[in-house]
Amino acid sequence: MDDKSLIARRVALELKDGMLANLGIGLPTMVAGYLPAGVTVSFQSENGIIGMCPVPADGLVNADLTDAGGSPIGALPGASAFDSAFSFGLIRGGHLDVTVLGGLEVDEAGHLANWMVPGKMVPGMGGAMDLVTGARRVIVAMTHTAKGAAKIVPCCTLPLTALRRVDLVVTELAVIEPTAEGLVLREVAPGVSIAQVIAATSARLIVPEHVPEMVL
Amino acid sequence: MDDKSLIARRVALELKDGMLANLGIGLPTMVAGYLPAGVTVSFQSENGIIGMCPVPADGLVNADLTDAGGSPIGALPGASAFDSAFSFGLIRGGHLDVTVLGGLEVDEAGHLANWMVPGKMVPGMGGAMDLVTGARRVIVAMTHTAKGAAKIVPCCTLPLTALRRVDLVVTELAVIEPTAEGLVLREVAPGVSIAQVIAATSARLIVPEHVPEMVL
Amino acid sequence: MKSIITPAAAAALVPDGAVLMIGGFMGVGTPERLIDALVLAGRRNLTVIANDTARPGVGIGKLIDAGLVAKVIASHIGTNPETQRQMIAGAIAVELVPQGSLAERVRSGGYGLGGVLTPTGLGTPAEEGKTKLELEGVTYLVERALKADFALIAAKHADYDGNLDYALTARNFNPLMAMAAATVIVEPQEIVPVGTLTPDMVVTPHVLVDHLVGKEKRHG
Amino acid sequence: MKSIITPAAAAALVPDGAVLMIGGFMGVGTPERLIDALVLAGRRNLTVIANDTARPGVGIGKLIDAGLVAKVIASHIGTNPETQRQMIAGAIAVELVPQGSLAERVRSGGYGLGGVLTPTGLGTPAEEGKTKLELEGVTYLVERALKADFALIAAKHADYDGNLDYALTARNFNPLMAMAAATVIVEPQEIVPVGTLTPDMVVTPHVLVDHLVGKEKRHG
């Protein structure tokens, strides 16, 4: 299993039956493909729909039905469409059970930076700030390092996405839970040692006595 | 013609083709019955509809279709229904061309008091404050006096409905326009003298050289 | 599939002292069977957030009649002399809010906003106790978010999943309140199969709804 | 009956320097024929308020390509490298706003509100230059109302009177913008008889609409 699939598969276990979930573009979108059997989740796309699904077959593309990246999607029976203010009312108002987002940095306070690199990349925050501020649960799905540099750092050097402490960070090496006390190492990926995780992390990690291996 | 019919008929002349109008309960509601031929106005009821009309026939009462007083209404082809936030978005946002409301007092600043008498009547302001604050044009339709006491006064003694200067006051005696300079007597009712209007008004009236009689 | 419960079971969820948002405008769009069940259950000391208290014997008026309401936040109580009588007697605390501001306060609660800035109410008793803010030379009142423990909602249709639409002027505060309460209980006129409401027809998505109140079985 | 005009006639209403709200999300729900007409007319120095600038050659991206836009207020420009290039070159001023805050700012403009209080953006660059307000120990950013000279709207259906509905995710900012501009120009996919849209289906009432853009006549 490649790194991204492993991350997506592990994140998928966090989604529970009946939840409303919003998946960011890229790696987080892959999570929908790994839902455990018997778990039905409603997916929101912040451009205005609950009940999105992949386009079910060629020829069923509808120009008025896309995800937040502008790519064609389908809709399940029971789907609902709404305007952007309503969509972010769902997000900001705590009606979204979980959002899965990519990350550039997460720090010891559990702060996430995921939307700009000053002087290099200024794409705009889109819906990221509302999602991190308002979702009941924020899961960061990202590679543990970028070109060898740690992304889990003592203090974010990039502009934050929100002041809210995210709830879980899932990488190809570990599952880390930001808490009031700091970043707690909850799980290691199959075949990865605690020492390897610590070596790839510049933030201080709290390591409990027992750190189980990810069950996938 | 009785006083209320005269007032309603005169106010109706202020409604122009294509306008969106909101009529208060009571006397203002009568205005709809006196629209000049060829003038089509859309009527909003603030409980959530544009395109209201009287119930067209016995047996056509619908429990889900009432005016803001809870009385059954009908709806014309092209009507639209919406929630209370949207309804007051129309009102507050300047999309309502005109509102016609009753009044307890209007003063020289053009301020209206029409929703409470401290110690006696505290019904709540309902939509009145939003209507007076937000409508493009506010017309007060009321009897000139109450039990012989002037209702057009130097300064309102009752709590105001809004700080906004209303646009026109129509009574059974006169049409008065509040302006930055004060209350200007624009018209007198048929058979009513300027002196009679002044006698029934405790506010100072600005009387132009020529004050025409209402054309009804 | 949403849980379908009886009005009595719904009333049993509501404890004494609960804060309720109740849809409707002069009783139109008010969930009457839920109200009846609350009266029967005798839930006391309720706070009711609603546009109005209708009339005695109608809608929210029934809760007032039964003496179950300790506080009302509404835009209008003038059509219910019993509410006024209890207010004057000190049995009910009444907070009056301009109707448009009340709608925005409920919406803000459901949308995760702290509140809105409105010109409505400035220079009137409605501004008492409220913060003012000046932006570019214009003064606004800060109208703050409202939330509730329960929203009691009347809908036209609910599908099996709990998606809702509303009928004509029975819509009013219902969809706003469906966003703003911890538990949302809906009394639809009809429950219909999933797909009966198309995505563009749904006003309140099923994720906001906790319980649907079913019809009684009809015999004979 | 609403006036039916051509895209060219609509573009002729828009002066250089106008502030435009343009519906759409990555080009979905953007009135493409109106955009094409603006490009053809060469209207310059425009301010565009929109969710994003789509991609080069798509939707609002066409206005960017043509160098007609002086300022953009949007939540996202990352999908359009040309917008970023012009921004870095100093040819376009870009104000980035969190998407939910942008939606509320547009809505506030249309609803007569001064703005809203939101927690979104606190502690981030999005708070720069904005007022903060503390209510009951919680801090909010004040996000202020936006208004425009014109709203360019894409709808699914317009009836002859100008009542509108929208399709699926092509709804997005369109109904909000239809409230917030002095002049509202709508490009519907279809124009249908009055009554085709029932009162509960109408999302944007006709009173908000100034002009409908018709289809070209088809010959043969």
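For clarity, chains are labelled A, B, C and D in written order, and residue numbers in each chain start from 1.
Simple rule for what comes next: a contact is a pair of C-beta atoms (placed from the backbone, for glycine too) under 8 Å apart; a residue touches a chain by one contact, two chains touch by 3 or more.
The shown structure was predicted, so the numbers you read here are calculated from the model rather than taken from an experiment.
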Go through the assembly and pull out the chains touching chain B as well as chain D.
-> C
Taking each chain's centre as the mean of its CA atoms, chain A sits from chain C at a distance in Å of 35
Note: chain C sits from chain B at a C-alpha centroid distance in Å of 29
Distance-wise, how many Å sit between the C-alpha centres of chain C and chain D, to the nearest whole number?
-> 32
The distance between the C-alpha centres of chain A and chain B, rounded to whole Å, is 55
Hey, what residues on chain A touch two or more of the other chains?
-> 49, 75, 81-82, 85, 88-89, 91-92, 133-134
Residues of chain D whose C-beta touches two or more other chains | 104, 107, 111-113, 118-119, 156, 166-168, 171, 199-200
Which of the chains touch, listed as pairs?
-> A-C, A-D, B-C, B-D, C-D
Contact set on chain D toward chain B in their complex = 107, 109-113, 159, 161, 163, 179-180, 194-195, 199-200, 202, 205-208
Per the touch rule above, chain C residues touching chain D in the complex are 104, 108, 111-119, 131, 133, 135, 138, 140, 142, 144, 156, 165-168, 171, 199-201
Give every residue of chain B touching chain D within the complex, in rising order.
-> 20, 42, 49-51, 75, 77-82, 85, 88-95, 133-134
The chain D residues in contact with chain A across the complex are 25-29, 51-52, 54-55, 74-79, 84, 87, 94, 96, 98-104, 106-107, 118-126, 156, 166-176, 203
Given the complex with chain C, which residues does chain B contribute to the contact?
-> 45-49, 62-70, 75, 81-85, 87-89, 91-92, 116, 121-130, 133-134, 159-163
